[in-house]
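In what comes next, chain A is part of two complexes: it sits with chain B in the first one and with chain C in the second one.
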Partner chain A sequence: MTTLHNTSTHSRPIPNPSKSLITKLNMGTGLVVGVIFAFAAYYAFRPNADTAGFYNQQNKALLAAMLFWSVGFLIGIGAFIGPFRWLIGKDLTAEEQLYLAGDGQGVKRYFKYCTDHKVVGIQYLVGVMAMLAVGGGMAMMIRTSLAVPGGHFIGASVYNSLVGMHGITMIVAMIIVATGPFGNYIMPIMIGARDMAFPRLNALSWWVLFTAIPVLCSAWFLGGIPTGWTAYAPLSVQAGPGMNAFVATILIFAVSTAVAGMNVTSTVVAMRAKGMKWNRVPIFVVGATMSVALAIPAFPTFMLAMVQTATDRVFNTGFYDANVGGSGWLYAHLFWIMGHPEVYVILLPGIAILMEIAPVFVRKPLFSYNAAIMGFAGIAGLSVLVWAHHMYISGWTPTLNGPFMVTTEMISVPTGLLFLVMLGTIWRGKPWMKLPMLGLFAVIWNLLIGGITGIYLSDVPADNYLHGSMFVTAHFHYTLMGAALTGAVAGLAYWFPKMTGRMLNEPAGYTAFWFTQIGFQVLFLGMFIAGAEGQPRRVVSFAAMYKYSNMISTGGAYLVGIGFIILLWAVIHSWRKGDIAPQNPWGAKTLEWTVPYPVPLENFDEAPIITSDPYGYGKGN
Partner chain B sequence: MSSDTASHTEFHIHHDAPAVVGRRERLGVRLLIVADGAFVFGMIFSYFYLRGLNANNSWVPKGGHTLAASNGWVVAAPLIAAAIVHKIGVKSRSAVASGFVLLAMLVGGYLQWKQLAHMPFVAVDDGGRHFFEGAYASNWVVLAGANMFHYIIGAFIALGLFIRGFRAKVDPTLEYWRQLTASSWFTWIAIAGALCAITTSII
Partner chain C sequence: MSNHDEELTPTPGQRAINLFRRTDVQRALLFTILWTAVFVILGLYFYPKWMPEVMSVDMKSMERIMIGFTIISAPIAGLVLGIATQAITNRHKGDTPPPDGPAVRTNGPIVAVWTVVSGIFCLIAIVWGIVEVNTMANAATTEAGTAVHVQVIGSQWVWSFKYPDQGVESDKLMLPINRPVVFDVISEDVNHSFWPVQLGVKVDANRLQTTVIHTVPTKLGNIDVKCAELCGLYHAYMETSGKVMTTDDFNNWITTNGGHVA
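Moving on, here comes the complex of A and B:
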């Protein structure tokens, strides 16, 4: 048990550096300056008869407007005051820093450039929920359109854009779904830190991401994204103006990811409480850190692919145009060098959350902490050596298909270790079947199916048949949605009391769980059947022979949709009117449960010293 | 997890010892360098991949232009000089070094800008549409753009260190660590500049 006693630090005077510019800036000023910058950039780079032959003027003006919007917003909200003050040698005063931390500013701080990691965590949580709701809504439209053969609920071009927008919205949301809210709010407290290593960069990572959201939404008004989320070249180079929104979104998002990844990794490496040796770090912290550390080198290659796409579109370079020496394979390489590690960037935190939950609800120590570390490290290490399994049938160096098949299949070994840890922890235990624990059982099932079908797809002969089919769609949804998202939702149920001070409504939570999980199986098992029978993905019309499996899938999708609406209601209702949560409702042993709600500004009045591992259940301490 | 309590200030972010803050900042910058390194690696990969592929014999098309290897080294030289001088400056705790680094960034940035403004690769097709001649030209311009980005960030840091060198209000220990942190960045952009120069030397 912990022996910490915390008192609120809110009793100190509220800082009011009234002469400082930072007190006058907020989201509103950010929006105003951002819009001014966007219009100014569009005006400066607008199509011009004198230079019309040189550049693709429309793409240049739109891309400039989107990127300047982001820069303008950040200037307007005060993101660059710190660096500017550093530049001129007038560092922010302690009072200004305290003001930036949002001390005593109530709800207003959520709309400011607030450096408190807990505020940033809530901002991420709300942002992620909004993105998932929008992405989920688009998924429902896709499935409605696919309910019957030739069902033109939406037109073909809108369908294409829906698939692309759903994909990129969900990928962005899933990358941050665990490390955003919990990595920011919970993780620093779990390791006994008073804040993140770089509080101003922490706020920057959120607000940079925020600026990408309207940019991505603008694609709808510019003709949509016809390429799917992979944005393969040269299709993406030839696509209409909506593609600029995709390019700008990724460029902005990559900056946010790099900053966030650096910050989380630095915090865990450099700010752990005294006595928290590496073998005492909570497993969620390990998984989340490996995830963001993996993202640091992975995402820049995607960013480069987008830079090259942008220069091809704007300046007529020829990276992806074979007529001038380019190649679509180059894009595929750069994209998948990011793309496959990214799957594990998404997956690892979800699994780590469940490993955090399992010992608490089974009241047993985590089974083989070292195996979990080896599993995470093995997956992270191998994930950078498997990208070309997405390119088996592209014609790129067929002799290398074999080696990439081997590296891909080898990932099942460290993944097996993660299963071993989860099953070993609950083995012969008597689980306390609360909502977070249900998530663990769901993920064991879903990840098993997602993982095994992944082995089929890693196999070259099988992939020759299944590539580009609905089977692939079902496979990665089992992995990303069935495992990573379910893990994150379990994390929300687990940490909801700490983040909101209230308990999540259990009956609604259970109802949502069963609707989503049953619906999920119906939805994607139907899709596996359609894919195995040969139905290609990303097509608006399909042959009559697939009608039953598609009808089943659409039925499952509606169940999932109902489940998520119930979950959303449960979260909003419980946040406003739920039962007040005790400080440690689950009787857990990690540090976040030793602090009260609301968590004091700097988390701990007295820094903790760690003397044992966090999973000492049943050991009498 | 068992825990005990320690003194109030021990892990207080706003009260951490300057050396602790400095070490943390350097770690952060090194992680950002990893990200930037992946970007530079991607550019070099693109260069040699397309060079090896030589699709339609258009790496450098017939009659196409190339730039001499010396062009890459001309813009890499100020980066390398700045990194060396900055390292010496940190060791000798000399404030003058920041002035030289700033000058090197401005001169190098100007040279890079001049090369970009006068690149000979842009051709015109029958419809009056301008385009880059081949894959070599496309890669060259992105590598040069990355160098330009490094110069801009380097100039910002050098200007900050230069201005702060004349102000007495800064904590000398923390400032020393910030010089070390900046040194990591200057060393990296010198390496990146040299890698880009080596890359564009192999046409």
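Moving on, here comes the complex of A and C:
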């Protein structure tokens, strides 16, 4: 069995353009050049502690160092060799291109600028898991600190930084949690493509994102991010040097999402197999594409908000400073014009994964493909019109609260369609309770709770009370973690055999499922109660009257923590020595299950031709 | 024989009867009712239990909405969870895929009814919300004349209160019962959010930009005043207390603090 797994199916000679510079470059050279660039930039702009402008100079020097680190790393890993060679009229040879695709390089290619979409998918998967692990560790520290009233475990400064770092780490991880690994690895195969439309941009999107990770981590050594993930001004302008790490992370990350979004949409539009008309595209592809397409217009406002934060901090421009005619409301608008669409950028792929899973595990067609499309499109369309529900109580224009309440509550109609599609698919079927399918049931519950509590929050009089409380925190964890993350984990269980050639360990998987899901309910039930009782969010210390609800929350959090450790173990263990997976363990009909493991460099020996959608399950089909 | 004919061309009435004879439909219905009951109980019993005492008109309207929205959404939640629970009771065990289900690709009427019904529920929520918002806005204008004015000043990390008409300053929020109150809120530094918890209102405090909220305290008792916007290091400790008192007690408090009754 293992022999089959390890047999390499190479028919052509392994490319080895040994004279070319690209063979010399890898993550190591990237790190070296990046660090040199960072120090050079810091030195060029080094602050002078004796001057009055020290604060501004320091921000300038740190921001320059962080951004130049990113550019230097990309130069050092060879990201720009292709365009440069093209510019001087000496495009890469065919052999060099094959080398860039990582052909025959084994594990080494994961540490290189590799254009194979499957390599990029694995890089994203490992990166996302690392970020979730770090973010989860911070969550455990937060909840430990909140186990008892009074905030004795960690100080206010560290606590505030923990909340900010946890928030932004998780948000970044969640934006890429599904479209990164599965959008890159699985999606091109699903649509019958040989690679992404722009393989070099694909590698670029990952490595740009990669450079943001050390930048974000540097915040710990610069005094932390004391503003929460929302980084409201003017607090962010007042904040210490750690804030620069936040600004630089978002600037870098926004470039990565723009590149990735353009690449994914182009791929889906232009690279589909012959015969794959729009109504035959697998639903995961539709959901993932809508998600990244929604991010393309959303992120630039966040970028702008960060540029203005940076200029306020470096040049005292005062965009957000009321003393010179600026306004913190400007920041809040820019932030939430990105922020609300972004929550659906996170949700849509997770739901789309479950819609891909459901037909396979009940052996029925997807119920109403059109309703699914309308649901996704309706949500994406409305989601750009609702941002000010985060600002009901900011006081900027109370008369506009009514209209924003209307648009926000309208989102529940397309959201309802997503429920209908999932329920219609499982209705009258016999669900096969494998791990991916358990995820579907968990998400139905979690998204329901998240949705209903969202309706309370969208109501102005209720939000007058609930805004800024633990209730909001519980609401968005039900949607982000309960729905989107659970959906992504279901996707991991589903596609694990295709991505690793092995089956995910089932007993460990089930144990992890029950620990995380039960722990999750306990954790956030406690938090809903704390919020209803009146406990503000982001507080290091709380009054004794919130004792029990917080204790419950912390208990639940530990269960979730245990669950995720078990899951992590299951993933690592199964990846290394799990049972060898058959080519199509679930009997699914989408194209990724027609290719062997390891998936050949260009996926298909013969280009597939599509004659129907992939949901032809069931009697009489 | 006649039975056989019916199956070929059942009338709508017979189709409905047949539908309810199916055990999966009956089971789904039963679970729907059970889950609906769970949510109704949650709304009626738990929210009032968890939320603090209702001490103002706004808190009353907030509580009405939490209970009302929970009960309105109970049948929907019940149906969703009813169908899901039914599916779980019908699950397939084993290591091979389950037998094929019916190849139903869509059902036009069901999609239409689902959309329209969720639209109606959504409309109820919207209308309810708009009515409440309007009532609050109207009350704010009509009662402004008789109101007590309180200037609320947030600064890192304390609240202070000025009563300009009475000429009193305080670090505790004292209010007379059954008299409208208008809060003019401002910050001396970064954003804060003024939250007198039991009054059920909240508004951000911004630098150089006054924001206004209004309410009517309706019950005697203590108030917790908190900050609901992360405002730096000691945000968690930016709290104080207050009291809703009888008019006489309030006037006494004013005069003992060197103010004059207005």
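Quick note on the criterion: the second predicted complex is superposed on the first by the 600 of 621 C-alpha atoms of A that agree within 3 Å, B and C clash if a C-alpha of one lies under 4 Å from a C-alpha of the other, contacts with A are read in each partner's own complex, and residues count from 1 in each chain.
Everything below uses one rule, namely that a contact is a pair of C-beta atoms (placed from the backbone, for glycine too) under 8 Å apart; a residue touches a chain by one contact, two chains touch by 3 or more.
What you are looking at is a predicted structure, and each value in this text was computed from that prediction instead of being measured.
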item: Fit or clash - chain C, chain B, common chain A; value: fit
item: First (chain B), second (chain C), both or neither touched by A:400; value: neither
item: Chain B versus chain C as contact partner of A:322, first or second or both or neither; value: both
item: Touched partner set for A:130, first chain B, second chain C, both or neither; value: neither
item: Which superposed partner A:308 touches (first chain B, second chain C, both, neither); value: first
item: First (chain B), second (chain C), both or neither touched by A:586; value: second
item: Which of chain B and chain C A:412 touches, first, second, both or neither; value: second
item: Superposed arrangement (fit on chain A Cα atoms) - minimum chain B/chain C Cα distance in Å; value: 8
item: Doubly contacted chain A residues - partners chain C and chain B; value: 322-323, 327, 329, 616, 621
item: Chain A residues within the chain C interface of the complex; value: 151, 156-157, 160, 163, 226-228, 232, 234-235, 238, 322-323, 327-329, 360-371, 393-395, 398, 401-402, 405-406, 409-410, 412-413, 416-417, 419-420, 423-424, 426-433, 441, 444-445, 448, 452, 455-456, 458-462, 464-465, 467-469, 529, 532-534, 536-543, 586-587, 615-621
item: Touching residues (chain side chain A, partner chain B) in the complex; value: 1-4, 53-55, 83, 86-91, 94, 97, 192-195, 197-199, 201, 258-259, 261-263, 265-266, 269-271, 273-275, 280, 282, 296-301, 303-305, 307-308, 311-312, 315-319, 322-327, 329-330, 333-334, 337, 589-591, 594, 602, 604-614, 616, 621
item: Chain A contact footprint on chain C (complex, rising order); value: 24, 47, 50-52, 58-59, 61-62, 65-66, 69-70, 73, 76-77, 80-81, 83-84, 87-88, 90-94, 97-107, 110-111, 114-115, 118-119, 121-122, 125-126, 128-130, 132-134, 136-137, 185, 189-191, 193, 195, 197-198, 200-204, 206-209, 211-212, 224, 226-237
item: Residues of chain B defined as touching chain A within the complex; value: 1-8, 10-14, 20, 23-25, 27-28, 31-32, 34-39, 41-43, 45-46, 49-50, 53-56, 58-59, 61, 122, 124, 128-139, 141-142, 156, 159-160, 163-164, 166-167, 169-170
